[in-house]
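In what comes next, chain A is part of two complexes: it sits with chain B in the first one and with chain C in the second one.
Right after this comes the complex of A and B.
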């Protein structure tokens, strides 16, 4: 059989972001893969040491648009840990709401793209239209569709008053039936989806652990690791988060984990809105951040996001470093792709929901 | 088959998109849009300039007062200025109509002067301090505090001792 090298990327029709793969192909089959990174490196970690802690809130939020709430959240948690700041309860609940609304929108985006790659454009548009309900909610509550600008050091800078609570619940009531009665059954039964995604891009639980995989990718292989239950932050310990897993480790399982997590996110938002206690939104006007170090982690839509912070007593951080889930997840593409067909490459890449702008910052 | 029902429902419900620019696009009140500035309430603390991630805000000290500049093109609508402003003199409106021609790109600027105050007794120049600041600091004012607040620290001390401000 004839074998040859095939370059895919860094700019390629089927990739949403710049990645570069050299794929070793034998006939129709992928025999080996080499990934080259670094096409969208912008030096953001370096820039954080050139700006003060407040300006960094906005900079860090712009590392990536889909997990744009998880980054400032982990960053604020780090500074709060160093300074010993107690975040008020109301702010903790509001942080969970911001986190979950982003997770819902991010997961639906990825699942919609799956339909687009399969060629089922009307399903793609249907999921994107349902996702608009979350986008509208974000715009109304936070003032922007993507960058919520929800977190500040010591709390949050948005509030959900009584009339807004009713609005958000009405929006959730609008989304949930579309998701549970239309979208999820379609992904579970539609033959075009199933034939392209079942048994494709396989990775098992042990391989997930070997590669240190996170988030829906690992949970799609039955590895039930979720920061929200393993090391709860904000008020996740009171919410009894259900960790969704599927056993098979294929493209379809990862999509199903994401869809079911949207349903869970809706439940968590409802719960937070009901339990939302009265009280202040921030711990105080201006924090003093002493010299110190902290490591924090949160569950971003793509998995575990770790922040390391070092301060020196000034209001410019000495070092901010983060590790994103895609870093490990894209290494595992090797396992998922080798032995598969060339035509499945875009589906497999999409199934890890890669966020290149986070990874290469 | 299941999808046919969805297609039919979509057909019945009509377009899901907004009619803009032929109709109004719904804009929520909380939408983070163009920055507005109220020079009567600004106390010149410079916090907004300090936190501004985009470097869109600039203050400079001139003879007649503090000159405030906002470059709307550099602003990223993060809302940090409004959050940290003690008197809420700087805010984000929900105006998102910010598109303009390329040749107008250096004109997307708003300028305001925050005048200095002058001591009502000796005339010395004082930092600006609008009514909002006193409201915040003293939770209300009375005629005596209003007279004192427009004096420099020295004159205020003298006035308090001599009882003339009572």
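Right after this comes the complex of A and C.
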């Protein structure tokens, strides 16, 4: 059987951003994979040590657009920990709402792309149109469709007043039936989707642990780790978050985890809007951050996002370091792809919900 | 799920076997943040192995280079049931640590990344190719070069002059 190398990338339909793959192929089968990164390496971690603590909030939100809320949230949590700042209750609930609305939109984007790769264009359009309900909601509440600028050190800089609560609930009421009655059943039963995604891109639970995988990829292999329950932050400990898992570890399972997590995100948003307490939005004016170090974790749409911060008492941070969930997922493509078919490559790559901006920073 | 007191006991049992400093704090959700600073960087692999034995997974590795005290620090962050243990080792500029990839597969990308960005080396690795930066770019480029933001702010900050003075002292 003839073997050859097949270059994929740096631009490809299943990639939101550039990455380069060299794939060894034997006949129709993938025999090996090599990844070349660095096309959008911007040195953002380095830049954080050249700007002050407050300027960094705007910079960090621009690491990535899909999980743009998770980065400033983890960053603020770190500074709040160092400075001993107690975030007001109302702000904690509002942070969860911002977190979950981003998760809903991000997950729907990924499963829509899956439909596009399968060639099911009407489903792709349907999911993207439903996702617009969340995009419109973000634009109305935050003034932006992607970068919400929701967090400040010690709280949030947005509020949802009574009339806006009614609007957001109406938007959730619009999205939920489309998702539960139309979109999820299609992904569960449609033969085009099932034949292209079931048993494809397999990775088991033990391999996920070995590769350090997190988020929907690991949960799609039955590894029930979710930062919202394992290391709760904000008010997640009061919300009884359901950790969605599927046992089979294939492309389909990862998509189903993401879809069911949108339903859970809607439930969490409803709960927060119902329980939203009165009170201030921030702990006070621009705080002084003393010398110290902290580690914080949040559950970004793609899984665990971890931040390490070190401050020295000046307004320039000594070190800001983060690791995004996609970082480990790339390496695991080797497990998911080898032995699979060439035609499945775009589906497998998409199934890790690749974020290159996040990975390379 | 381990209780906070169980995690502290487990991590303390690891810290007791290796020379170094140990401290911890907790949060309102009952999760622990523990810090172990190793006296000798040669104990890194033994400490990482001991943490693996109590159920730790590697979350991230942070390199802290160009510290005022002149010693680079590498911080290995582990997770045990949502609690965090950070293992710190000091490394002389240009010095090296042993790889932990045989214990934690996901250490591979972290080690490759800090090797290319900082003047730090990892021994015992099978593959030390660059991760992000092109092979033609010098090592520790971000430690060595002066960014545009520092140059353009030279009139209002002391950063440029401090950088030049430190570099001049080092080159003597």
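Definition applied: the second predicted complex is superposed on the first by the 358 of 361 C-alpha atoms of A that agree within 3 Å, B and C clash if a C-alpha of one lies under 4 Å from a C-alpha of the other, contacts with A are read in each partner's own complex, and residues count from 1 in each chain.
The rule we apply is simple: a contact is a pair of C-beta atoms (placed from the backbone, for glycine too) under 8 Å apart; a residue touches a chain by one contact, two chains touch by 3 or more.
In this text the structure is predicted, and so the values were computed from the model without any measurement.
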- Task: Using the superposition on chain A, decide if chain B and chain C clash or fit.
- Result: fit
- Task: Return first, second, both or neither, reflecting whether A:328 touches chain B, chain C, both chains, or no partner chain.
- Result: second
- Once the structures are superposed on A, label A:123 by its partner contacts, choosing first (chain B), second (chain C), both or neither. first
- Message: With both complexes superposed on chain A, which partner does A:319 reach: first (chain B), second (chain C), both or neither?
- Response: second
- Query: What is the C-alpha-centre angle with chain A at the apex and chain B, chain C at the ends, nearest 10 degrees?
  - Reply: 90
- Give one of first, second, both or neither to describe whether A:212 is in contact with chain B, with chain C, with both, or with none. second
- Query: Regarding the shared-chain residue A:24, is it in contact with chain B (first), chain C (second), both, or neither?
  - Reply: neither
- Message: Applying the document's definition of touch, where does A:139 land relative to chain B and chain C: first, second, both, or neither?
- Response: first
- Message: For the superposed arrangement, tell me the lowest C-alpha distance between chain B and chain C in Å.
- Response: 11
- Of all the chain A residues, which ones make contact with chain B and with chain C? 51
- Task: Would you pull the chain B residues touching chain A in the complex into a rising list?
- Result: 2-3, 6-7, 10, 16, 28, 30-32, 50-54, 76-80, 83-84, 86, 92, 94
- Item | Footprint of chain A on chain C - complex, ascending | 1, 27, 29, 31, 33, 57-60, 62, 64, 75, 77, 79, 81-84, 86, 104-106, 108-110, 117, 130-134, 142, 147, 149-150, 159
- Query: Which positions of chain A touch chain B when the two form their complex?
  - Reply: 51-52, 54-59, 61-62, 122-123, 126, 129, 132, 139-144, 147, 149, 152, 157-158, 182, 185-186, 189-190, 285-286
- Message: So in the complex, the part of chain A that touches chain C is made up of which residues?
- Response: 37-38, 41, 43, 46-47, 50-51, 81, 209-212, 227, 230-233, 237, 294-295, 297, 304, 306, 308, 310, 318-319, 321-323, 327-328, 330-331, 360
